[in-house]
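Next, two complexes with chain A in common: one pairs it with chain B, the other with chain C.
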Partner chain A sequence: MSRGKGVDKFVVKREKETALHLKPGVFPLGRQSEWAAQNRTLTFAIHPLTAGVAVSVAGKEPREKISKDIKVYEPDERVYFCKTVAVPDGRLPFANDTHAVFVAMQSIMGQEAEEVGVEGLLRMSALYREAMLRQVRMLQDAEQQQQQQQESEFVEAEVEVFQSMHAIWHLLEIIYLATNLPGLNTSVVPYYMEWLNFNFPAPLAEDGQRIADSARDADALNGNAELWPYLRKLALRGHMTTLANMLEQVAPAQQLSAPAARWARELARVSREMPLGTNDETTGSFNARWRRWSNEMRDIATAISSLLSEEEEDSQLKSLFTIAEILRGEVDVISEEGDLWQDVLGAILLYSEPTAQADRLPALAQAVLKQFQTDEFTQLDRALVALLNHDLAEFLVYSNQIDSWLSAHTSDIMDHLGILDEWRSVFAVDPRAHYLHLLGEKYLSHRDLWHVGLDYFGQSKTSAGVSLVEESIVRMPLESDRRAQKMLGVCAKYGLTTAADRIHRQLGRQKWQRGRLGAAIGHFARVEDRNAIGQICDQLWAEYLKSGNLTYGPIIDGVMAGGGLRHDRLQFLTQYRDFHESYKAGDFVAAGRILLAILVDETAPPHAIPDLLVDAIPLLEGDGLVFSADDTFELMRCAEALTQSPLVRKSIEAAAADPMLPWTESAATSGQDELGIFNVACARNLARSFVVQ
Partner chain B sequence: TNDETLQFDTQHEDMIHDAQLDYYGKRLATCSSDGSIHLFEINDNQQRFQEALKGHSGPVWQVAWAHPKFGSVLASCSYDGTVLIWKETAGSGFTVIKKHDKHQASVNAIAWASHELGPVLLCGSSDGKTSLLSFTEEGVWDVQMLRSAHATGVNAVSWAPVIATSAFTQPGATQSSGLVRQFATGGCDNNVKIWSYSDEKKTYEVVQTLEGHGDWVRDVAYAPNIGLPRTYLASCSQDKHVYIWTQDAPSPDDHAGQNRSVEWTRRALSSTPFPDVVWRVSWSMSGNVLAVSCGDNRITLWKENLKGEWESISEINEDGQKA
Partner chain C sequence: MNSLQVQPVARTVTSVRWLPPRAGNAYTDTDLHFISGSSSKHKELVLWTTTNPDFKQLNDSDTTDDTNALASLVAKTSHDGDVHAIAAASSDTIVTASSFGTISIYNIGYGTEKDCSLSLRESVTAHRFANGEPAVCTALAVQPIDAEDAEVASCGEDGKLSYAPISRLDALQSHEVDSTVITGICWPTPTQLAISTRAGQVKLFDRRTPSEVSSVFVDPSQSYDFECITSHPSQSFRLATGTNTGAVLLWDIRNPKQPTMEAFNVHESNVWSVQFHPTDSSKIVSCSEDASLAITQWVTGGSSGDSQNRGVRHLSSFFNALSINCFDICPFTRTSILVAGSDSGNLLMEKSPANEFSMF
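== the complex of A and B ==
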């Protein structure tokens, strides 16, 4: 395996360890050695679905092998359930919204990737960013309402996470999408400045407002100690209009020296004239305008510089000089003024290379970073720098430390862009699948995000991912019909026929236990469990025999309405119901025809045959001729088979032993009598049929 | 931070030795030196004591839940040398349906095979033997004692994933003829042994010995197979090391993926030894995370990173309670 790029940077020092402490503790503070020497350690069981661990104190040796003087600690018999990852409820909207985008992206890119292209990905990327910003707003609203300090700190930390994610995602979008649109040959500078000012706003608007509010007039404005640092920051960040306005406001100040006043006005004028690129203008034309403007700025800086040699104590003039140097792109001054490396890079881009393309970023970033203590960089800094350097390995690792959502979705979008392919040989595992599974496991730990977690497994497009979906879904409780239907939908989506079968069987058993027999049959029919269907039908028949009321009609109708289900027992129950209705309506000929069909088709369970023959007696003895001679012979054949067939006898014996069926010894005796009556009725009907026919 | 959401007293009268969640994570079984097993129903932040099972005459070392397709079935093993199999029936709770008393010393470890192999329980004992308890089609339990593999005692047993890594995406992967019949044991001879079923001899035999630990092996655990191209086996020992043993997918001519010929590669979980004896290793259901319990009262969770190395991602520890 080739390990050319970024391998050494895999070893990443974590800024914060994830540690859970059992509370209250299991031994007195500072006495761990004594506790461990008392035959104790910790044991655990991992929850199959959630990221939970059940922890308890465990004895290393059995009681028989240890000293009887062993100490007893109160928490010895306690079990702690710990969650190693948790998804706060507040993240639910974000998780659901971005999940929808993610799934749509997989579907669209799977079928119409060429048509969608970079423009489509850019639109979907914007949806992700919108979701992040919504989350930040929601969190900030919540932060204002938090009264508990611990909750407030948590919300603050969440805000920071989402702001970091947005900053990273926004930059990724600029580098790989916005400036990569087909046919577009655009400078990265306006995008970068927009990114910088949105994600790392400076100077702050409230600072400017405070300064403005305190300024009754130009002198008051000039007297405000915050003013000139503020103006320098405006220059650094390219806020030209605001800079110009404030320079014009302070220029009339009496305390301002004449040269300072003059050059404040000049700088204000020139600031307003800073060239801005347009879509209609060629790069050459813009560069020409820029050079003229930059030269004029250089002349201003030179002029102010010459004055400074005489006016060394003029601090306002010094600030104006700094501003002029910034605006003309003087790197040393920019570096000194910039608090963040992002500031410095932005100002250099804006004032030295206003038409730079995205591929200039790595080299410029490297030059800027040499001036900063990278040892003190945060994870956000490192992730951003890795992104600028196109170091995907390092970028993904740091992104994951910020949040598993970020690493999962950035690796996904990079895969769709085709960027991940060239890095796959660097990794020991497929990074996209690795991070999607990680996020899936995290979401699985929240009871309302189980389906989201499963999708992150399944959409990794790996056999491992589909296997995770299957292993997870068969362990999930079937808490409601709605949830069960959703789970079956997941099975259908990923082709999990075995899991779907198991769910149907479970649902069948559940509904059977709850007396929802029609629904139970429906589920067993889906998995072709003829045995279970047969047993339920036997139960329906037994209930009819016990009560004497045929009430299973709607159940059968419901099942048969679904269509496609052929089962002897169901057919028997349907036919018997039809027989019952014909008999009740007085249509004895039809009733007789149906009864005979049941016997001839052999759809009835053997133990029901005696009852069917008994049902034939009133039809045989009735006023009208229902059964012809042939029909009667058929009935008699059935009766003979009943008495002769060991199978039928065994079925009747089994039914007799079945506590569900209302079978007693007296019923057996009565059955013998009824068989005799049946035989007599058959003989009489035969005689009658010969006469009639 | 304190992330536990539920804690409760198991009401055992002596030290706990094991705690196991069932297939769905809805029931917890704990076992103790008081000779009993306690069962609890777990639901989010609530628990309910269900039943106490008393049947052993000595400390109960481990409990193991069977796959739910066999019903509610639980196995337990004890210092008294017996293994009990309990089954839950409506109205009666859990009752013993089988007592296995063929071992001559403490039974230290038990593990149910994957459900595709049927209800088969593997047992490891201080008498140095392993045994297999199988429920046959005739409806009786068959006991097979296997030749000594760890002369001074067996401390841990674990079944290999039943579907071969190479066969994962192939049709018929779960057909009986293609299933992997293999398990690992860890013992007091400091070794891990791999056992495989021999169609010819109709029994399991040792096919590989994994050497590397310098003291008793306390636990072994195969990772669930979720479609990765290799098999993972974790082992931990009194020598304070945890090893991850990996074996690549077998060659095409290796029938049923028994993988007899492919060598195992050993890798230390951590570049430095653990601070104390390592007692237990266990994989998450996904096979991505390995949990390790060390005698320094920490449980650490480990995950393989993009570089293929193992890194600690989280820990649960006990710093003691203030007086």
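== the complex of A and C ==
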């Protein structure tokens, strides 16, 4: 996908590219240079749908051009099949769960988008996040059971990917969904702090517990070198209750100076009183409460600051001053204390702009990011920054680098929110469709996810998506009848009549090849492939002529059972079977009537007419009169047409040339003899009929 | 629409079957066992266990689940080909149908929870096309007799019907009985077999003359493909078939020359499996490509035959978007436990007391 100049502020690095290693290798052990010197290279072909690669050894020059005494190694004859994109089995539950949410979202947004609104999308978003968290828990459980280092590293990497995806999705949910819900308080701050503490947990509760457990009394607690940095972190993250509790615990310490002890207690008290916004409070009312609290905090900071000018060496007092400065929203102190840009942004939001709305985030983020080395940012950082800046094009590119699931689903939800429209011009193709197709391709590489993959193509609701479904489905192996039915179901869902026809043709050919002629006719009948049905009928007829046993009855009954199938050849075979049964039952009049109907209605193929005329001889020569004079004239007309009509002759010649049918030159000669007998029989029957009538 | 409980199992589940009780006819075991078969990447048989809800009800107050899992995996083994059907011959023997045309017998060894095992005892290729390629064995059914020499009958895409005693699979007999694909099979009586075909036919066979069709039933008013068939547990003249259009057809074949048939359009797509409810046969349960199960009350409430007394209850799960391929209802417990498997890689379950199950 190409991107417009407007957002080309960075070079997209494909940091996640990895090399594929062929096992066993293509070089015979220790003969790498010899291998390369002898006109060898590697050639590959990419599978059009699943991005799988077939790799094999090839010559740099055509073999004819070089000496023939090149040594051939065993690996030269191998073809390696590799997957450039693979969906690990561990992702199946996640892929299926999120596919279900995705399909449900497309369904409800297609029918009742206005009723669903932001609240509905928020519920769907929560389901996506739940699936991500479930996957993280499942991976962490698996990680504990891993014995091998290589697998453990893979699980670790997967956990990181899912945690990154959750962090990004959660922030997207806050910016575009949660803060857009109706209510008096639409501040982004409580959501941001919840996001920060959930996705980048710090300081860890275990550390706090460890510090508390290591101290028997306040003096021991104060003596712990980790205590004051921990308290500063608590202040930065807004963990007021823990901060106040620990300050109160350390305040009685003998080593603490009297002013430090006093202000520790005071800070603990004020921390507990920090105002928290509620949904039913107006911004004005909250601001008034906040100003009072902030002024109190500023007074504390000023008081500690004046004390510090006298007690410069009191490190605890210095830490208390830092905490007070953080709590009153002093940006320089916050920036100094924050390790992550997310921390700094969170503390500024919490203490400087507690009523900030989502649209303040870009400006605040810009200011914060100036203090950080963005070159060292991870893809997660870059994606989050792009999201905060509402730069959706950049965001989607980085999201895709983290995982194609993320770019597909974020672009989808953005599309439902209507915020992707203004970015469409940046991309050469529709970004939602593009990323959904990428994910679909990835899923198609897993055998259990073929249907899921096709749904991602189809639900992109573009002609390209439907074409991808069509192109993919006709190339899938028809492993079983049930699988074929499922594939036909997908065709029906997306209105792919041409693909359904191709599948029926493939099935028809497959069954034909396997000798299942009835089933083959059934499939060719669905696509009205009269030519193929005619050929199968000819094969059935030929088998009858070859063996003399009329065994195709059950086949015809089976395919005609539905009643919807109409084909001249099938009708001919059915009538001919009825003729046989009547003849066998001794009902010669009925048999004669059926035979005449076959000939007069011209349902029989021309090459079968000589045999039908021969079948008429015993009826013409029988004891009773079967054919009237008119009937006999009809029979004679058929015989004349057989000898005179160039079309009929051509058909017979073609049938004789067909290796599938048993006619030969000698058979044609004997046919001439039988025709002579038939003519004589007709003449005698005609005479007899005149006498009788 | 009621909701099913879901347990992801990361494999395409194509067949499930409850195992009979290990002693006697009453289920006194505190744990129930069932087998699932899967296809595509993981061709496996898995033995699962779940707590018996009848016992749980008695001790409801002190029973708490440690995990949210519906069932725990106790043993698994690879299967030669996709598992297309499973039938339980006894509590420790199952028969499976494979995409490679084989019928296999597996023994189940019960021990403590970690000691259970599934082991292949015998296998035979029952279905093959004329050109030598293996044909998918689409369904199988065990003869309903309490004898050691019960037979297993199987059908396949080769249009053949095969019979073999479970104790001696090598004595297999095959007969070509249909020109299309045979999609389902059942034993209405110990001597009668019924099959459903892709061409929309139900064919009956007498086991004593296995190659001859004794009756053929077709719905002349509609063009269906049949996907599955089952027989009523006590009324052998009643059959039910599932169609490719989402209908469940109920047949009364008392008069073979003029069978009566009633259609229930309960699904939107292919009906993959159908069963009369084992403890309340006035209901037909079916599962479908449309990712739902339907419980259809086919018996009218009064003598008037009022259609309003009938009802359909649908079961599905939000987290299961793809086809429900198979299901089975445990016939041995008072609480109705239905387990199903799907293309979304899930086991689905519903447990409901018998009286609740009958409410619409």
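Quick note on the criterion: the second predicted complex is superposed on the first by the 461 of 693 C-alpha atoms of A that agree within 3 Å, B and C clash if a C-alpha of one lies under 4 Å from a C-alpha of the other, contacts with A are read in each partner's own complex, and residues count from 1 in each chain.
Everything below uses one rule, namely that a contact is a pair of C-beta atoms (placed from the backbone, for glycine too) under 8 Å apart; a residue touches a chain by one contact, two chains touch by 3 or more.
No experiment lies behind these values; they were computed from the predicted model shown.
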item: Partner chain(s) touched by A:518 [first = chain B, second = chain C, both, neither]; value: second
item: Between chain B and chain C, more extensive residue contact with chain A; value: B
item: Contacts of A:54 with chain B and chain C, given as first, second, both or neither; value: first
item: Which superposed partner A:363 touches (first chain B, second chain C, both, neither); value: neither
item: Which superposed partner A:97 touches (first chain B, second chain C, both, neither); value: second
item: Chain B versus chain C as contact partner of A:288, first or second or both or neither; value: neither
item: Touching partner for A:447 - first (chain B), second (chain C), both, neither; value: both
item: Which of chain B and chain C A:480 touches, first, second, both or neither; value: second
item: Partner chain in contact with A:89 - chain B first, chain C second, else both or neither; value: second
item: Overlap of the chain B and chain C footprints on chain A, listed as residue numbers; value: 447
item: Chain C-facing residues of chain A, complex; value: 89-90, 92-93, 96-97, 99-101, 103-104, 446-448, 451-452, 455, 479-482, 485-486, 489, 513-519, 522, 554-555, 557-559, 561-564
item: Contact footprint of chain B on chain A as seen in their complex; value: 7, 10, 17-32, 35-36, 39-50, 52-60, 62-64, 76-86, 393, 396-397, 427-429, 431, 434, 437-438, 441, 447, 462-468, 471-472, 475-477, 498
item: Chain B to chain A touching residues, read off their complex; value: 1-21, 23-26, 28, 30, 32-33, 40, 42, 44, 58-59, 61, 79, 106, 168-169, 174, 224-228, 276-277, 279-280, 282-286, 288-289, 291, 293-299, 301, 304-309, 313-323
item: Chain C residues within the chain A interface of the complex; value: 8, 10-12, 40-42, 82, 84, 99, 129-131, 133, 135-136, 138, 157-159, 177-181, 183, 197-201, 216, 218, 220, 223-225, 227, 244, 269-270, 272, 289, 318-323, 343-346
